[in-house]
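Listed after this line are the structures, all set down as structure tokens.
Next come two complexes built around chain A: one with chain B, the other with chain C.
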Partner chain A sequence: SFFGLVSQGAEIDIVLDGQESRKTAELKLEDGRKERLPLYYDGETVSGKVNILVKKSGTKLEHQGIKIEFVGQIDLYFDRGNRHEFVSMVRELARPGILTQGVCYGFEFVNVEKPYESYSGANVRLRYYLRVTVVKRLSDLVKEQDICVHTLAQYPDLNSSIKMEVGIEDCLHIEFEYNKSKYHLKDVIVGKIFFLLVRIKIRHMEVQIIRRELAGSGPAALNESETLAKFEIMDGAPVRGESIPIRLFLSGYDLTPSMRDVNKKFSVKYYLNLVLVDEEERRYFKQQEITLFRRAEKRRRPIANSYIEQAIFHHRTAQFGQQQQPTTRAQQQQSQATPPLTTPEDAAAAAISPGRHGDANNSAADSPELESGSTHVSPALPAARSAPGIKDVLGEDDDDNY
Partner chain B sequence: LFWQTRSQDMSGPVTEDQEKLLDEALSVVKLQAFQMKRCLDKAKLMDALKHASNMLGELRTSLLSPKSYYELYMLITDEMRHLELYLLDEFQKGRRVQDLYELVQYAGNIIPRLYLLITVGVVYIKCSEISRKDILKDLVEMCRGVQHPLRGLFLRNYLLQCTKNVLPDCVEEEQEDSGSVSDSIDFVLLNFSEMNKLWVRMQHQGHTRERDRREQERRELKLLVGTNLVRLSQLDTIDVQRYRSVVLPAVLEQVVNCRDALSQDYVMECIIQVFPDEYHLATLQDFLQACAELNPAVPVKNILISLINRLSAFATRDGSNGIPSDIPLFDFFSEQIAKIIENKPDLSPEDLVSLQAALTGLALGVYKDREDYVDKVLETTNSGLDKLGVEHINDHSNLSRELMKLLKLPIDLWNDALVLLRLRHYSPLLQRLDSPTKKSVSAYLLQNMLNNGTLVPSSEQVEQLLDLVRCLVADPGADAAAAAADATATNSLGGDPGDGSANGAGPGSEADNEDLAEEQSLLGRVVHLFSTGPDLLDEQFGVLKTARRILATGGGRRVKYTLPPVVYQAYQLAIRCAAGDPLPYRKL
Partner chain C sequence: FFSCRISSFRSRPSFLSSDLLKFKPSVMSNQQQQQQQPSATQRLQPKKQTMEDAYSPPANFLEIDVCNPETHGLNKDRYTDYEIRLRTNLPVFKLKESSVRRRYSDFEWLRAELERDSKIVVPKLPGKALKLQLPFRGGDGRFDDEFIEERRKGLEEFINKVAGHPLAQNEKCLHMFLQEQTIDKAYVPGKVRTT
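Take a look at the complex of A and B:
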């Protein structure tokens, strides 16, 4: 079937109700172009008019019936034959007959269900569209009109922070903290990175936002990663005891909500990837999944005080084994005034083989990741520090001598 | 599987390369600045910000030396002023850009992002007092993201310069969240300690063989750190109480704990210069205590001398109330210096002497009538030099120079040689010097007496004076050498006056004879000051007898200058005696 307008004598045009006042959203088409489409939500009625114009006046257009469908479907690009329609509704517009001039039919899909959000990705696409079909003997006349659907979620009741210690023994030991595990699309990621042990010469540190799309299932499933954001959070080499703030505004990036196993066909997951790069281009990273959701539009804040408040953090005062952590500024100065190690041999000797030009786009299997210690998902300050799995790297006195 | 590669040698860039790199960077800046201003003219703010961001991106470089980086920084920050003024204008006209503070934080690279944030933050503050406290706190905290010493120092300097006139300077908050001076103090102290940390970190970057260059570069940047202290001193609401309880302890804590000699040396000196003298008087013990805890490589004596000199100047300045009587300044410093001497066995003699000289200056300036203070210092100096095993003091040495300075101080500041005669430890110290220097100081003293018309009114004092300047009165060693030189000159064959000792500077030479003549006529003129005053004719005779006796020991070469004045005075005396009535007393 053709999607074109000019085809065998008739022009089909779908006009949606309220199009002038309706909000729009941009979606990427398969060829990469972006299209601005009218925005609908779940449960909203989709209604409008279909105009069919016979091209050359005087011609007769004989048809076997005219219908309009509302379809929600998932296309897997590598599996073209199969379309998975999860919503399919049809309305008959006209019985078989003859058209001699322009005609206009109204349609209404009342409170039609739109369970998933529109998505246009690397290997999969989820779209909603109206399709008008003028059935003819040889080939049908078809016109499609896409719409965009957004799904809104409530702010989650439970939204714990992510706090974790990771590192490479004798080399690098950090604690990172992100204020939440679930963020809405206009949210701010607020957090900090605390350096517990630094024996490598770090050049800079950045936070990346990575989208991982898993399309299909079983052996044919395709995994595609895309780095959507690279946000530098630190320039230069820190020493032990430094606390580096993170403030990353998600509004600046083209993000979608996380999608879990949509119709059992695909998933879209988001990860924060913390990357440290040393003077020798070695990269150390830690990926952490976050959940993104779309929140109903709120009234705009007058001046963004709230995130400034969120972002004023305090230094950690936790204790590790026998080692006293610097609490006062004085002690912090004391512990880091001594010169850091300048040779990386010790670091190299720690049997790691970090990815060299490790583009985080590659699968994590090649480039090693910073080892996790314990995972703290509660916002409370951790009590006991000797969690299983953490090697007590801070037991060494060497720290004070370098 | 793992790399043994050494980090690239980021050693000193060659000068020609520096010039080229700097020129390239500057031309990028000029281009982007031009574009930025053009966009501002057309009110295209987002485009202008993009150009600003490109311009600021040049500050991300690692290739420039501190000097070159500074030049680049100056040009860029100049251009940023245009942006700030534009925004201020817009805001004040009510055309506030929504969420601009948030927008600039979208920048992916941290350097441009923070420079823009500071610029915008300050605009927000200037346009509304509300949340000034929060913004200031946010800015100083967010700067933590730059841990590279050079870039971090300049970034925080930009923060300091931009917030120069907006730091709250009031005891209580005027509006909600507008902040008080406590917030300003916290802000500046945090900025200061972070900057000091970065500055100290520079010491340990790179190879050990580069250490001298690194230290030199650090010195070039010291002002960046010191500006924090200057800013604190500009907050009017900080009174001596707050200085003592909040500001100074925090600064000293940072300085002492960083353990870096260069930083300690500079910051302690900075504290002295930047804050008012009344504050120093009120915090002497804390400050001196910190001095005692500094890195051994820090020349504490310089710091002490600075402080002492400053307080001396303060006390003696016109209109000053002097030192409060409840502060035993002399004792404080005396003790501190003693402590330093004790704790530093490697203290050089000249450092010892210069410390004592400063203390002497203090005593003479602040406690002018306390001769005992000065004598005490001289005694300490003497015994100190003894302890250090100093015997011969070479004429051109630093020690000689320092000692000479010390000895001249009482002469200059009392203008009364008679006081010197009362000090038991002045002469012993003077006699330590080598002959030429000794003579120089002695002559200086005599000249001072002549300038001030200081009369010597008793026989005893004449004796003491001539004993003090004994190097001028008699010099048997030099006389013998001179005689020998003469003999050689007359005996030498083909004695060409042009060569040999006759015209040289040795004893018996023409130059030497000239010096001698000068000295002795000086001595001779001083003889005219030996005067007991009218009516004490007997005394006067005794004085002259003593003078003649002692001056005669000078030998033939000298008495031809020194005896005639005695004779003249004797004539004067005789005339007065014969006349019966005392002649009008005439000052000679």
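Take a look at the complex of A and C:
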């Protein structure tokens, strides 16, 4: 029909091979909606069929050629005109001609390179898609089909722990330790906070996961921070010598691998933010970058039934069994006294947020952070632990036995 | 000997991580376990806390009471002042116990000094008694017991908030306010700590 609008004339449908058995992944669209897309990896062939249906039987669709493209591109939202295509492959499906009925073309992009992971963020998007174009004189008919790409990384050979002493001189000295510097997306962050000096009244402590996306480069670059998780690890006032454990399971959160300078267009970095809050809502914090990567899924070995039974049995006896002797392993003590941290007042001022009565920059926004002394990066100690006694199951301190 | 904490606030911290409900399904005895690979979620080995650290008074003890309001003088020249009683074990304070008397205008002076010199956002003082000082008002105006009590509470909140701030603790004006018998308004402003 001819109502002055451009009539489509034909319906284009892209069907990927093996779609029923292929894994899918969820990706956020530009408008915030989530979409399930078929999942591909680097080097995998992208193949399928293109079905073109002429809408009204009997009508003729004249075209100047039909092609299909496989595109990988980076969109910077604030720079609409600038779409950077880093992968672009084209296959000609049909030479100029006339379509009178439905037609089906096969396509195959063999072992096509997909160097980066799909990413949908605040100011930038990286997407892969197939685009079918039926070239016509006035306006082309176009159909796009997105796919999702994941990049897999090997578990790193060298994965040192992060250990650092930070604080505000004469007020608060802590030593924090995270067991690794590189975590996979289903990993668990194991760490501890050790209090060396506590002259402020702390009310609680939490760990946050922050994603920082840097889009673009130069003066126009946009930095966007998002707090993805907040996890309280301590409630109450600690004193010197106390250790607070951290155990944070990453699989519960919506995370992507860290992305460093993708095609020189954008970066995605992750930070662990340790926040201490005192009685007057003043916040003291330390941000530490961690690297996240996507590991290939392991095939699970089936667990023997007997193992499961024994595990349950052990749990029951652990409740009422004897307390195990604490280990006699030598502790890693620091032999010399820690040198006092020299903190310039500006840094100290910057490290403490204004607190409840903060003005324009309200306390929710993080101000710059605790100064660090020397950075210790030591291999994680394999920790031996005693069996869970009753106290442990209830979460109370062993110290309460004194 | 047994010593207990004298701080007026929280009890010992509790660990709120998913630690609480863990159990380790294991078929080995504990001894064998210690020689095996640690599981991915095992706690890092903590440093042992000394008995002294565990049971000494905490290093953050600071209590300031604003109390014993007294009205001095007669008729139009009356004013009320309060006792500022401080107890602490923080090394930054020269005296571990002190008692001085201060009036509302002294608090205003302190607030102005801190706003100018320190980088902190200074909390607000309880209100001035302007409305109460209008003529022909019933009652005792700003010497009314209820008003003094409200003001006392506000001043106590203010001074505890301020004195607990690590940056305010660097300011000479705060120490003079809290621990010297008289405030020398002609003092030389400056920092106490050499940072």
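Here is the rule we use: the second predicted complex is superposed on the first by the 304 of 402 C-alpha atoms of A that agree within 3 Å, B and C clash if a C-alpha of one lies under 4 Å from a C-alpha of the other, contacts with A are read in each partner's own complex, and residues count from 1 in each chain.
The criterion applied here is as follows: a residue touches a chain if its C-beta (ideal position, glycine included) is under 8 Å from a C-beta of that chain, and two chains touch if they have at least 3 such contacts.
Since the model is a prediction, treat every value here as computed from it, not as a measurement.
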First (chain B), second (chain C), both or neither touched by A:E280: both
Contacts of A:K201 with chain B and chain C, given as first, second, both or neither: both
First (chain B), second (chain C), both or neither touched by A:G191: second
Contacts of A:E117 with chain B and chain C, given as first, second, both or neither: neither
Of chain C and chain B, partner touching more chain A residues: C
Partner chain in contact with A:E177 - chain B first, chain C second, else both or neither: second
Touched partner set for A:D75, first chain B, second chain C, both or neither: neither
Which superposed partner A:I233 touches (first chain B, second chain C, both, neither): both
Partner chain(s) touched by A:P245 [first = chain B, second = chain C, both, neither]: both
Chain B and chain C contact sites that coincide on chain A, given as residue numbers: 201, 231-239, 242-245, 247, 249, 279-280, 282, 307-308, 311-312, 329, 331, 333, 342-345, 348-349, 352
Chain B residues touching chain A - in the complex, by the definition given at the top: 1-8, 60, 98-99, 101-102, 105-106, 108-111, 124, 131, 134-135, 137-138, 141-142, 144-149, 151-152, 193, 197, 200-201, 203-204, 206-207, 253-254, 257-260
Contacting residues of chain C [partner chain A, same complex]: 7, 9-27, 30, 33-34, 37-38, 40-51, 53-54, 56, 58-60, 62, 90-92, 118-124, 161, 164-167, 170, 191, 193, 195
Contact set on chain A toward chain C in their complex: 168-172, 177, 179, 187-188, 190-192, 194, 197-203, 231-249, 278-280, 282, 307-308, 310-312, 314-315, 318, 324, 327, 329, 331-333, 342-346, 348-349, 352, 354-359, 380-388, 393-397, 399-400, 402
Partner chain B, residues of chain A touching it in the complex: 201, 229-239, 242-245, 247, 249, 251-252, 279-280, 282, 300, 303-305, 307-309, 311-313, 329-331, 333-334, 336-340, 342-345, 348-349, 351-353
